[in-house]
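Here come two complexes built around subunit A, the first alongside subunit B, the second alongside subunit C.
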Partner chain A sequence: MILLLPKIHILAVCVLCHVSNCAAASSSSYSEHLDLTPLPRNNLLASFNFEVYSDPAAENGFRNDGQLFWAHYGLFPRSVGQIVQSTHTHELHLRFTQGWWDAEEWGLLPHNGKYAGGSGVEVWAWIAGESDTQAENRWYELVNGLSGLFCASLNFVDSTRTTPNPISFRPDSNMRSSFLSYPGSGENNTASSDLHLYHGSLPRETVCTENLTPFLKLLPCKGRAGISSLLDGHRIFDSKWQSMALDFVPICDPDSGCRLHMTQKVDVVLDVQRSLQRQHSPIPHPPPTEELQCDRSKPYHSESICFPLPSPEVVDWKLSDIFGLKIKSSCLVDQTCENEASSSSVCTHITPAWRLSREDGTVVSSTPSNACFSLHDSNEFDLFFSTANSTSVSQNDQPPVYIQRSMTGRGQQNGGIQTIIYNPSMTDSVSLIYLESLPWYMKPYIHTMVATLSSADSAPPASPSTSLEQEVIKRTLYRPFLERVRGTYLELKLEVPPESRLTLSYDFDKTLLYLAEYPPDANRGFDVPPGILTVLTKGADGNISYTYALRTSSLLLSLPTPDFSMPYNVIILTSTVMALAFGTVYNILVRRFVYEDDLGEHTPLLQRIKQRIRARFVKQKTPAGSNKSGKVKERTDAEDRGRDKKT
Partner chain B sequence: MNELLKVLSLAFAACLALSSVGVHAQQQMVLDNVTLNQFLSDQLAAREGATGNHANNWAVLVSTSRFWFNYRHLANVLSMYRTVKRLGIPDSQIILMLADDVACNPRNAFPGTVYNNADRALDLYSNNIEVDYRGYEVTVDTLLRVLTDKVDPTTTPRSKRLLTDENSNIFIYLTGHGGNEFLKFQDAEEVSAFDLADAFAQMWETKRYHEILFMIDTCQANTMYSKFYSPNVLAVGSSELDESSYSHHADSDVGVAVIDRFTYYNLEFLERVDKGSELTMKDLIESYDPVKIHSHAGVRTDLYKRNLSEVRITDFFGNVQAVEIDEDDDD
Partner chain C sequence: MDSRTWAVILAAAVLRLSLSWIFPSLNSILGQHVAVTTSMTSFKQLKEGLHLYEIGISPYHGGVYHQAPIFLLLFKLLGKFGSTAPNSLVVNGVYIFTDSLTSYFLCAISKSPSLAKTDQLASWVIASIYLFNPLVIATNVARSTAVLSNAAMIGSIAYACYNRNVLSVMFLVLASHANIYMVYLVPPFLLLWTSKRGSSMASGAKYLLLYITASAGLASIGYFMTGSVQYLSATYGFLLFFEDLTPNMGLWWYFFMEMFDFFRPLFTYIFQLYSFIYVLPITFRLHNYPLIAITCIVGITTLSKSYPEVGDLGVYISLLSLFRFIFPNVRYTLVAVLVLLHSLVLAPSFYHLWIYLGSGNANFFYAITLVYTIGLTIILTETLRATLLFEFTGGKDPSKAVAQI
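Right after this comes the complex of A and B.
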C-alpha cells in the first residue's frame, strides 16, 4: 500500500505531463473525425471515426521482453480491455451492420469495405493459444463476454457458426506470432503460443439502440460531447445502410514499444428528405403543392400539371436537421493544441455546386472540394448545406467488382445457390477470394459447382467448359460439414477477366431438423450468412495486399418445417385409441349380458360371496345337516354352470 | 386366448391403479393452510434476520411474446424498466429480457422508438438502454437459470446474472400470453406455476433473496402465483381464473395496441412515486379498480409477513437505502 502511493503519484504526474506538454506528444491518445459526403438522389454518407490509443509500453502496458503488467487504462476503455486480456486475444474486429449498400449508385464502400460487415453481427479475432482446443475455448469465452458487453446474442456463436482460419482475413498488426503474454500465463512469451483466427457471424441478429448504447459508452466522452453527440438511435436506425465497427489492434514500434489501438467507426447512409421530414412530423405526409418540385422535362409539364421529381434538386438543409441534434462542444478540450491539427474535426466532400455556411453566417468558400472544420472550442457546431443541383456529387470511384448472390430452385428438398461476380474494368482482370460459410443444415454438393464466364451484356453460355473452370477458379479450399458440429467452409481463389461476368452455381440439399432445433418462428426460415469477397492487388514489390472487401446479402433459407401441433395431436389420438381399445376389451371380458327372464332373483356380488363362504363353513362344521345348504349350493353351482355355458 | 386377455386386462388395471396413486400424491403437494403456515414459520425461524431490512434492489423484467402484434407486451416491460430506473435501480441490477425487437422492426413507423401511449409523449427506448437477453435467448430455461443462478460461471458475463444475496429485494415482472397456471414463451413453450414456485423455493434455500415482489400481467394471471410456497413472496396478478387481461388502447400510427390495462393503471399510480415517496403497497393494491382494469386484479399476501401498509413502494421499485447519520463528532 505504502509502495503503491508514490507509484500512483508518479503516474498522476506523468499523466499531467503528457497532457500539458503539447509539443512533446507525438500523437494524441484520442481523436475523432466526421466525414460528410452527399450521395446521388439526396442521400448523405456520414462516417464517424473515433480512435483511442493506450499508453505506450515504455510507461506501462505491454513490454517487448514478454513481461506484462497493465496498471493504468486512462482513456482506453477498461471493459473491452479486460475481456480481451483475459481471453488472450490479440486482435478483435466486431461489426454491426444493417441495410444494403447500393454499389451501383454509391460506388465504393467507405474505407474500402474494411470496416463494413455483413448484415447482422460479425466478429473475428486472432487468439493466442497453445493448442486448437485451448484457443477455441478462449474464443467462446470472448464471444460470451462480448455478448454481455454489447447486448447482442453473441453467445449463439458456437462451433456451428464459427469458421476457423479463413484466408480472407489478415491481421492489421505487424506481429505475426504471440509477442504478448499475460499475467497468470506463467511462462514468458514463446513462439509455441500461436495465433488462431476465428470468424463467427449471426445474420439474423438485429442491431438497435441497445447495441449503440454500450458502443458509445466506450468513448471517453460517452456520447455526450464532441462528434459522438450526434449519434442518436432514432436517426441512425432510420437509415438505408448503417455499420458500426469496433477494431482492437496492437501497434508495435521498435523504439516506443507496443500500444493498443482501438478504432470505433459508424458509417451511415441517411436519406436527407426523410430525415428533414421527420423534423416536421414523425408521420410521413406528402409535401404541400407549393413545395413540389416538378420534372420539367416531361412533355405535359405546365402550370397546372406537375410530375414531381423523384428527389428534389434544389435543397437546403443543415446538419442539425439531419441528425436532430447539434454537436455540443468538443470532447476533451484540454487535449488539443493550438498549433497542431485538431484531434476533433468535421470534413465535407462536395462539388462546387454546393454552398456551405456556418451557424454564424460565415460562408465557406465553395471551390475546395474538401472543406474541413476543426472543433476545438466549446461552442455548438452546425453546418448549412445548400445547392441548386443536388445531383452534382463528388465522383466516387467505381468499385473493382460487383457481386450478387441468390437462391435458386424450388421445393423443400433441395435448392441451389447462384453467385454473379462482375468485373467492370476495361483493362485489368481482378483477383478475388470468395468465402462462404454455410450452416450445416444446408448440404452443398461441390461436384455440382459450375463456373461460367460471359461478357457483360450477354447471358451465360448454356454449356460451360471445364477448362474454363480451371482458369477462373485458381484454388479451392473446402471443408465439408459435420452434422450439428460445424458448417461447410468454402473459400475460392478466383480470377475474373476484364469486362466479364462470372456465374458460380452449385446445388444443395435441405435437411429436416429435430423438433427442438427449430426456432420459435420456424416458418420464417433460416438465415444464411453473407458471402465475403476480398479483392487482392499485387504491389510493385510483388507483395499481395487485400485492397477491397465486400459482402453479399444474407439469404433466407426455407427448410421443411414440421407441423408443430403434431405431438399434441399424436398424444390425443393415441390416448383415445387406447381408451377405446381398453374399454372394449374390458367390457367383452367382464360384462355379461343376461336375458331378463333368466335373471330371476338378482343377488349382489357381495351377498353371493358371503353365501359361498358360509356354505363352506357350514359344510365343514355339520356335514349331516348340510343337505339343505348343499342343495342350495348345488343349485347355485348348477345355475352357474348353466350360465357359463350360455356365455 | 381368453386367459391371455384376462391377464392383460388385469395388468392394465394395475397400471391405472398405480398411476392414480401417483396423481393423488402430486395433489397432496399443494399444502393446506395449516401446514403451509407451519412450514413458513419454520423457514423464517431457521433464517435469522430474515425479517430485517433489505440492502439492495434488483429487478427481473421479462416480456415473453414474439411478433409485431405483441408490441404492447414489450411496451409494458419497457415502461416498468423506465420506472425502476427512474426510482434508482441501476442497469447492473436489472435483468431485462425482451423476446423480440420492436424498436428497430421494419414495421415500426417510428424507428428506434417504443411508445406506451397514443399521445407519443414518452419514448421508452431512449439512448440509454441495456437489454440483457433478447430474441431467441428468452426461453423458459434461461429464465429459470437466471433466477436460480445455475449458469456457467466461466462464460456467462456478469451483466447477465442475477447476483442477489440474502439482503436483496427482487421485483419480478412477467408479461405475455398466459393461462391457467402457465405462461407462454415465444409461442413455443410454457413455464408452469409449479416451475416458478420451485425456482423461488430454490432461491430461498440458496439465500438469494430477502423479499420478492412478483407481478404478472397476462390472462388468468392470478393462477400463476397460486402454487408458491416460499416465504417473503408478495404476488400481484392482473386477472382471476377464467378471466382475460385486456389491452388499454391502440395507436393508429403504430398500428397495434400499445399498453395493457393492468400495467397502464399501475403506471398511473407509479408516476406519482418518486425516490422519497412514502406511498405504500397497500395504496397501490387499493388503487386497482376492476371496473377500469376490466378484470379482477389479485394479491397474495399469506406468504408475506409484513403488513402491506408498512411496505413502501420504493422497497421494491426503487433503490433507496436507509441511511443512518452518525451525529457523534468524536468518532
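Right after this comes the complex of A and C.
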C-alpha cells in the first residue's frame, strides 16, 4: 500500500492535468450510473453503467480506405481501441453472462435484453473487408486479440462457432447512413456492403474474476473509485444472474464528427439474504427465535409452531452489506465542468413501502420511486434500505414473449430439440426472429421440423394436429452444417398469435468424433449455444425495430464416446483381422490343386532347391517319388512349375 | 419362372407390406439402425436432401446428404405420385417392386445358358433365399437405397448372362453411380461381356468405353442439378476419405476414430487400397467363372468398404445361392454360419448396451464387427477354394485325393 500511494498520487496529478483543459477540449467524456431495483423474494438488481466517448476523429483522420483513424483516445481505453482499429471493426459487442434470468418472477430483462448475452461468452462484430475471407480473417484476429485482453477463451471462436450475417442483429451506430456520406470517405456506397457481421458464442466458458479484472481496467478509474469500486468478484459472481457487456460503437454526427462510444454494463441479480448471511454469519446456524419470520397463513401457525417464510418480509440492509464495500468517492474526472454527458450517480427504483436513508441517519425518501444521488459531493457513499414488506417491488413489465428450449429423445445416437415460444399477450401477436446455431456434431434434419400451435392453457398436443408452418413461419434461413468446417445456422422469422404457445421441434443425429476432438471430460457432454430470440416491433412509420432480445438456456449434448485407452489395441486388432482375410484369400489364389498321385515324395527344402536349379540348367531326370494315395499334401507352385518343365 | 416362384414373390411382397403397415414405426427404427443403414444409404438423409433440394438449397452444400444425385431425381419424381414418407404407398410400392425384380433377376441368372448346364437350385428356392433373408427384409423395410443399387447390379449380371451387353453396361453404370464400390465389378464384368464366342479384346474395350461415357453422362446430371461439381466431394469424396464416424458393421469407423491424426491420411489410402487389391487377382484367377468372380468381389467389398451394411451380406448370400455346384466342396459351413449368426444377434444388443443403456462401451460393438468380418472371411475363402477345386476336378467328385499347393 505504501508503495502504491505515490503511483496513485501521480495518477491523480495526471488526471488533474487533464481536467484543467476540459472546457477547451469538450471532447472525451465519461459517465457512470448505478441503478438499484429490488426484485421479488429479496433479490436486488444492480445495473452498473459506464459510458466513455473518445475524442472526435481528427479532420484529416481518414485513411486511404475511408476508415476513420484515431490518433488520440482521451479517456477511451487504448487497448480496445487499437485492437478494434487494427482489425477494421466498426462495431463490437461482447457479453459475459452467467446464471439464469427468471423472467416469470423478474419480468423484462434489464435494458430490454439489449445488453444481456447467452450463458457463457458471446461476441458479435461488424467488420469491414473487401471480401468474405478478408473480413473473416480480421474477425479471427479480433477474437484472438479480445481473448488476450479479457482472459477468455475467445480464441476458440473458429469457423465452427462463427455464424456469419445473421439477421437477428442490427448495428447500433448510424454509420450506414451518415458515416458513409461523411466527407472524406468518398462516394463509396459499396462500403456498406463491405461490412460483415460475425457472431460467435462459447456457451461453456465460465465467467469469473479473471474476466472482471480486465473489464474494470478499461474504466478511467480502474475500479478504484466511483461506483465501479463496488464491483468485487466475490460478490458479483455469487449472484443468481449476472451479465457483463462491452459495446463499442462509432457515433457520427455532422457537427462534431465521429467519436467512439464505449458502453460497459454490469447487471447483477444478487440474493440479498445470502449476501447478508455471508456478511453477518459466515458459518451457517439457525436464527434465534426472535428473528424468525413466520408464515402466518399456515393453519397450524401458533405461538409455538412457526413455518419460516422462504424470504423474510421485514428486511433492513445497506449497500455495503450486499457488496462488501462502500462506494469510494466519485470517478468524476472533471468536477468543474459536470454536465449530462459526464456524471456519476446512484439511482434507486423502489416502492413507497421502502425507506431509504443515508449513513448519517437522514431519511432520504419514502415516497418518490426514483431517488437519485449524485456522487461528486461525498467521499464515501452508502445507502440504507429498510422495509416492512419486501414483496412490494416496483412493477416490472411482463416480457413480450417467453421461450424455453429442451432436448428430447434418449440414447446417444439421435435426439430432438423442442422449443416452446409463448406469447402471453391477450391481444397482440408477436413477430420474432429466432436464431439457432448448432455445432457441427449435431446433425439436424430440417425436414422433420414441425410447428404446432396450442392455446396458452393446454399442453402442446401430442400429435401435430395443426400443422401451421405456413402461417407461423414467415421465413426460413438455413445453412446446413459441414463436418469440422461450420455449424448449422437456422434463423426463423415467426409470428406467434396472441395467447398461444408455439412449439417447434426437429430431430437431429449425434455423431462420433475423432479421439483427439473430445475434451478431457468427454462424458460431461458438449454445450449447445443458446438460441437467440429477437422481438420485432413495427413502428408508426412502418420501420421495423428490434425491441426486445432474449436467449434460451444452453443445452448439454451428450455424445457417444469411444474407449479412450484403446488406440493401440484397436489398430492391432483391426490390422490382424484384415491381415487374416488378406492372407487366407491370397494363399488360396496363388496356390493350385494337384492330384496327390502326382505329388512327389516329400523332399527336404534344401534338396528341393537343388533340384530346381538342376532342373533349370541341367537336362537331367530327377527321380519321381513313389505315390502315396489317400493323403493330402501341399506343395509350392514353383515346385510344380519345375516339375512341368522337367516332364 | 414357375408358379411356385411367383407365389414366393407374392408372399414376400405381402410380408413386406404387412410389416410396414402393422408396425409403422419399424421403418424409422430400422432406418436409423447403424447396422442396417449408413449415411451412404439412409432414407432419412435422402428425405433431408430432397427437402433441401426442393427449397432451393444445394443438398451437397452441407454435410447432410451424401448419396447420388439420381436418387434426388427419382424421389422427386415419386413425390408427384404421392407422399414419400417411408411407409407411404408409393415408397412401399417402389421398394417391394425393386426387391421382387431383384429376385426375378436372380432366377433369370440361374436359368441363363452358362449356369443352366450346371447343378442349380430350383427358382423358387433362389427367390426365397433372397426375399426371405431377414437381412434383406430389414434393409428393405429400412428403405435403404442400397436396395436400389443392388437391384441394378444384379440386373446388370442378368442382362450380361443373356448377352444383352449394352443393357448390362447401363445397369452397372447406374449401380456404380449409386455405390462407387461397384466400379470394382468392372474387370469381371469385362470377362462376362466378352465371354461370347468370337468376341475379342476390341469388343471389351468398346464396352469399357461405353461404361466410362455413360458414367460420365450420369455424373454430369449431378452437375446440372446442383450447378457445381461440389456433389462429387460430398458423395464420392465423403466415401473415399471416410468423414463420417457413425458406427457400422465395418472395420473403418473405430479404427479411424482411434487413429492418431498424423497417420489418418496414410491409413485412409491403405484401407481403400485394401478393398481394391483383391479385384484383379480374383478376376484373373477366376477368369473361367466370371459370375463367381463378381460374387467374390461383392463379398470382399462387403467386408472392406468404408460404410458397409448388413444388406450387402444378404445380397452376397443370394448370389452364392446361384452356385449350387460348388457347395459340395465348401468346408466349415457350420462354423461360418454360427459365427455370422453370433455377430448378427449380438451386434444390435451390444450397440444398445453402449448407446442406450450405457452399461457397455464402444469396444463391445467393435468386437462384434471383428467377429462379423471373420465370419465373412471364412465364407469368402471357402467359396474361392471350392470354386478352384471345382475348376480342377471338372465338377466330378474326385475319386483321387486332391492337394492344394
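A few remarks follow.
Just so it is clear, the second predicted complex is superposed on the first by the 491 of 647 C-alpha atoms of A that agree within 3 Å, B and C clash if a C-alpha of one lies under 4 Å from a C-alpha of the other, contacts with A are read in each partner's own complex, and residues count from 1 in each chain.
Simple rule for what comes next: a contact is a pair of C-beta atoms (placed from the backbone, for glycine too) under 8 Å apart; a residue touches a chain by one contact, two chains touch by 3 or more.
All of these numbers come straight from a predicted model, not from anything done at the bench.
In the superposition on chain A, A:594 makes contact with subunit C only, while subunit B stays out of contact range. After overlaying the two complexes on the shared chain, residue contacts for A:445 are found with subunit C alone; subunit B is out of touch. In the superposition on chain A, A:582 makes contact with both subunit B and subunit C. Of the two partner chains placed by superposition, only subunit B is touched by A:238; subunit C is not.
Which of subunit B and subunit C touches more residues of subunit A is settled by the count: it is C. Judged by the touch definition given at the top, the superposed model places A:573 against subunit C, while subunit B stays out of reach. Judged by the touch definition given at the top, the superposed model places A:373 against neither subunit B nor subunit C. Of the two partner chains placed around the shared chain by superposition, subunit B is the only one that A:208 touches, whereas subunit C remains out of contact. Once the two complexes are overlaid on the shared chain, A:155 sits against subunit B while remaining clear of subunit C. Touched by subunit B in one complex and by subunit C in the other are residues 582, 585-586, 588-589 of subunit A. Across the interface of their complex, subunit A is touched by residues 2, 5-6, 8-9, 12, 66-67, 101, 103-105, 109-113, 120, 123, 125-132, 134-137, 154-160, 185-188, 253 of subunit B. Those residues of subunit A lying in contact with subunit B across their complex are 98, 140-141, 144-145, 147-149, 151-153, 155-156, 204-210, 212-214, 216, 223, 232-238, 282-284, 519-521, 564, 582, 585-586, 588-590.
On the subunit C side of its complex with subunit A, the touching residues are 32, 34, 44-45, 47-48, 50-52, 55, 57, 61-64, 243-247, 251, 253-261, 264, 274, 277-278, 281-282, 285, 300, 303-304, 354-356, 361-363, 366, 370, 373-374, 376-377, 380-381, 384-385, 388-389, 392-393, 398, 400-405.
In the complex of the two chains, the subunit A residues touching subunit C come out as 410-414, 440, 443, 445-447, 476, 478-483, 488, 509, 511-516, 560-563, 566-567, 570-571, 573-574, 577-578, 580-582, 584-586, 588-589, 591-597, 599, 629-637, 639-640.
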